[in-house]
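My questions all concern the structure below.
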């Protein structure tokens, strides 16, 4: 086992910063050697704050530095394909935020490059590492609910991001539901064969300009004969609401909780508990655990449990969902690059 | 206020028997004078058990008996239109199980006959009387969640009825989801303008013969600009699972509970509570309260809060959902007979 | 089986009124023939409201009326002994509110009189009929938690009754905890052998005058070797909070719920449900079921499942708890009149 | 701020090992330089596993090593006083497991020694750092429940430790309830003025030999006029059950949860979730957070929020509870060394 994995984080927005912080302070065996961001000030500030010896505003410097073992890519999705290819080319292992890319052809190129250079790539589907989702999979594999026949997912954000973000987000199916597409594959143990999508603007009329909606549903079928539905919403003004459920032939498993603190307040106005406000609070452990898994795999010379192939499979569902939403018709998936066995 | 309403129950299957039992023993101001069923034995047995003075296997006897004020129709749906028209014609008030009819033209005839004869008609959407749904509506009207923007309904049966029932049921949209179509109108305070439906057979392959499915989803839009989705399933092997949720611009309201007894058992195998097994247990109070409302309205000479018009509106959604499921396309509703104001 | 039990309700305070209303409208086989209250106006008003043919302000009239089969005694506790004895003497069956009496000698006299006159007597420990407590007992008897070794009870009122009530209440142990003493016997299946009690005035300083407290705890031991504790409080400003728990050698059973409606409201201030406000809402079903049991026993000529003996046993614990509170010492119970087998 | 605190862990039983692991891998700014245990093998194994450069079986070596800044004492309670005094004497800061000592005189000596040597001492009341308890205190201080008037604590272990442990444990009041005594002070913001205790052996008859019990209750009064009760049990065969509740003049706050994973399984046998099995799972975060606080205080030259004074105050309550249990009488506390302001 390697003593230590030398890492660089590319992109120091909110997610990039967390990854950097986790690597710097909470992940045994990781050594954060460099942080990079086009805004030099932000790079310098993060480096100082986390005690990282090197910072840069030029990502190519990272690829030229032969001491770096792995890069964490948390830049805008439009830059993913280029950065992954360059990282692979320079022999660096890759952790990349979801979605892998916005485009299936790019995804294929990226996968080819990764393979040719014999590096590993983990995609940031952190939900798989959330203790509740991980436990659910364990229980499903143990047969506790029989054979899975239906997946039900809900992802609700407490409000919409600004127009600037929505514009480049890829739309609600690729930005939000993609988490559920991945977790559906993960929990159902089967590939998606068709999708039918619908959506509407319920609150944020500005989205019309971007052909996006703030509420959507995707109806799915699976190779196994199972089905499922996935709701996405930007309008949960009460908090961050992520639910998952898998119905099987002998029972059902319900995943997740809205409860923020394990404290209940009783007053004459009722019994109240706080609601998880946003994704950092809900998936704090998951973000840490996915990064620990990445570093652990590199130290042990193993392949991560969630790779660029999973990235492409989820993307394919998202692209199909987008197309169904636009055409009003069911879209069948080819699953050209299907993972041999998702379970 | 009238002292007493003399009633006859037509059809003594499971639901008819309950209505008879409620009228005979739990509804103040009701007098159950006659029970009718084509199976003479069943009619006689129920009469004896509930202390009803008269029973018959010929429904026309009920319509000829001028002492009867009201009939409760719990016969197969295919007989509803004929019975309602004959009841109206003989001046009797009507309580009829859902769906009103299986056919929109019949529904129109029935409505006309009811109007011409100045009788009242209540449709058996008992969910509106369930304390949880009723409380939810109260809270929504009080503005507790702001303006309703999304409805989410789940109705899961613990297993499929036999083929014989499925054959005449009208299909999952008219037999099961119709409860959610009605309750969606009730809680959203707005009429449905379009539906898109999907469904699959997940377990019960025998349904193929009847072009029916054991799992379905309906995506809805409302006049108010709101949307919603409704899941129906015959495959909840763990129990009877009815959920409702209305998201508003300031919060959300979640309705119902799987908990059967208010008792939690803690053992080394975990913390467990019983799940509501079937609809009699879940809606026991609702069945009693809807009948109490019907009798109360008749005693006070008032119109019931849920009438033949609501029966037709829900039917129209169900028929459209069925069509969308068959064609794979979104179906727009005409709402020709819309209720002036559902709230 | 007798067709009908003719009843009279004595005392038309809050509880008396409910019993009268249940008998008049919800209990099959009961006929409420007379209501009595020293305040003639109240008696007349209740008679009119519930359609009872006779009312009186003189209770002796009831005992002289040979058509009356049973009396329901809901008058102040100080009058119980006299009324029970007179009822028994005139051959009438008796339902009496808890506590049976305030005094053990009186309790013995009452028991003797009941026995000599061959009437039956049910004491108003309605908690035994609450569906949650009844289910708990069923599960305990079924062995679901092994052998019971600890009972934990909590009874909290949403505020103190007025001084006038406290003065004649017998104190918190006899007025409140007596329900838990009875239910502890019911669920543990064993008699109490010793009690140690403590209490304090936390809010209502006026209670000092009556040597009463608004918060108390009783520690119990049982013949079986089990133990338990019971908390009572007048200071639950958030609602009516009744909890029960039995720990066994293989698990634990937790009884009851604070939830009033099956509706959860999610807003930015958290997830909230209403709390049961007071005992009528919490024990509505229990009050109806205990009275249905009483009438049913009389119709079938059977002994009620909770009798004057249970009334005395609970009283004995309450008197001992009061003594322990006053002396600061553990009090052993003689259990002179123990029920042969409480389970 | 100091860059790094050099630590040694004394005693490598279960708790000592966790502290060592947390220091070695999860606490930023800590450097674990030495582990000590009388069993050389265990010391060596832990050192190897956690990558600690030095191990020893002789604790005096630690005190002689001037490079060590702080010691973590996780040895048997009987050794605490001696080790704390020697640590203070050699100028090392101290983290010591609860209870501080088993004896009040020793506690006084220890406190004196700590003061004279100007070192800081944190006592291992980890519950204060549990997110739920910490949030509860925040909410109480914010006035969310008004003025605290009652504390209710439950601590139940899933089974008894072996006789060897019970023998040296100090008994149930000093071994288990001491956590609740401390947390009661923490949440009520007031000192305890009297205790009355009771207890029984319900299952583990071997405890008789040690004058210990496997179930106990302590009734408390506070200077503020508040009261409280604390249950302790070794007999929760279903799991590890820790509950806290503070009733105030405007509401109540209920702390903690039995739920282990955020996953609910629905089958025909009911709806089930796993129960927290034991204290490592329940207080994992708390153990990490208390150690992070200790290191953080040392780096910033600040006093920990929970010190040797709190250790002595809780000990005083425990000693009094033990005495009340033995004598059957209420014991008043002198609070000779009271913390100036616990809130």
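Each chain gets a letter, A, B, C and D, in the order it is written, and its residues are counted from 1.
Convention: a residue touches a chain if its C-beta (ideal position, glycine included) is under 8 Å from a C-beta of that chain, and two chains touch if they have at least 3 such contacts.
Computed from a prediction, not measured in an experiment: that's the story for all the values here.
Relative to chain B, the chain whose mean Cα position lies farthest away is D. Interface comparison, A-B against A-C: more C-beta pairs in contact at A-B. Rounded to a whole number, the gap between the C-alpha centres of chain A and chain C is 58 angstrom.
Measuring from the averaged C-alpha position of chain A to that of chain D gives a distance of 39 Å.
Inter-chain centre distance (chain A to chain B, centres taken as mean C-alpha positions): 42 Å. Touching of two or more other chains is recorded for residues 237-238, 250-252, 265-268 of chain D.
Here chain D touches chain A in the complex through residues 25-26, 28, 131-132, 135-136, 139, 144-145, 250-257, 261-268, going by the rule given at the top. The touching residues of chain A, when paired with chain B in their complex, are 146, 149-150, 152, 196, 198, 200, 202-203, 215, 217, 219, 221, 225-227, 229, 231, 233, 235-238, 247-252, 328-330. Put simply, chain D touches chain B in their complex at residues 237-239, 241, 258-259, 265-275.
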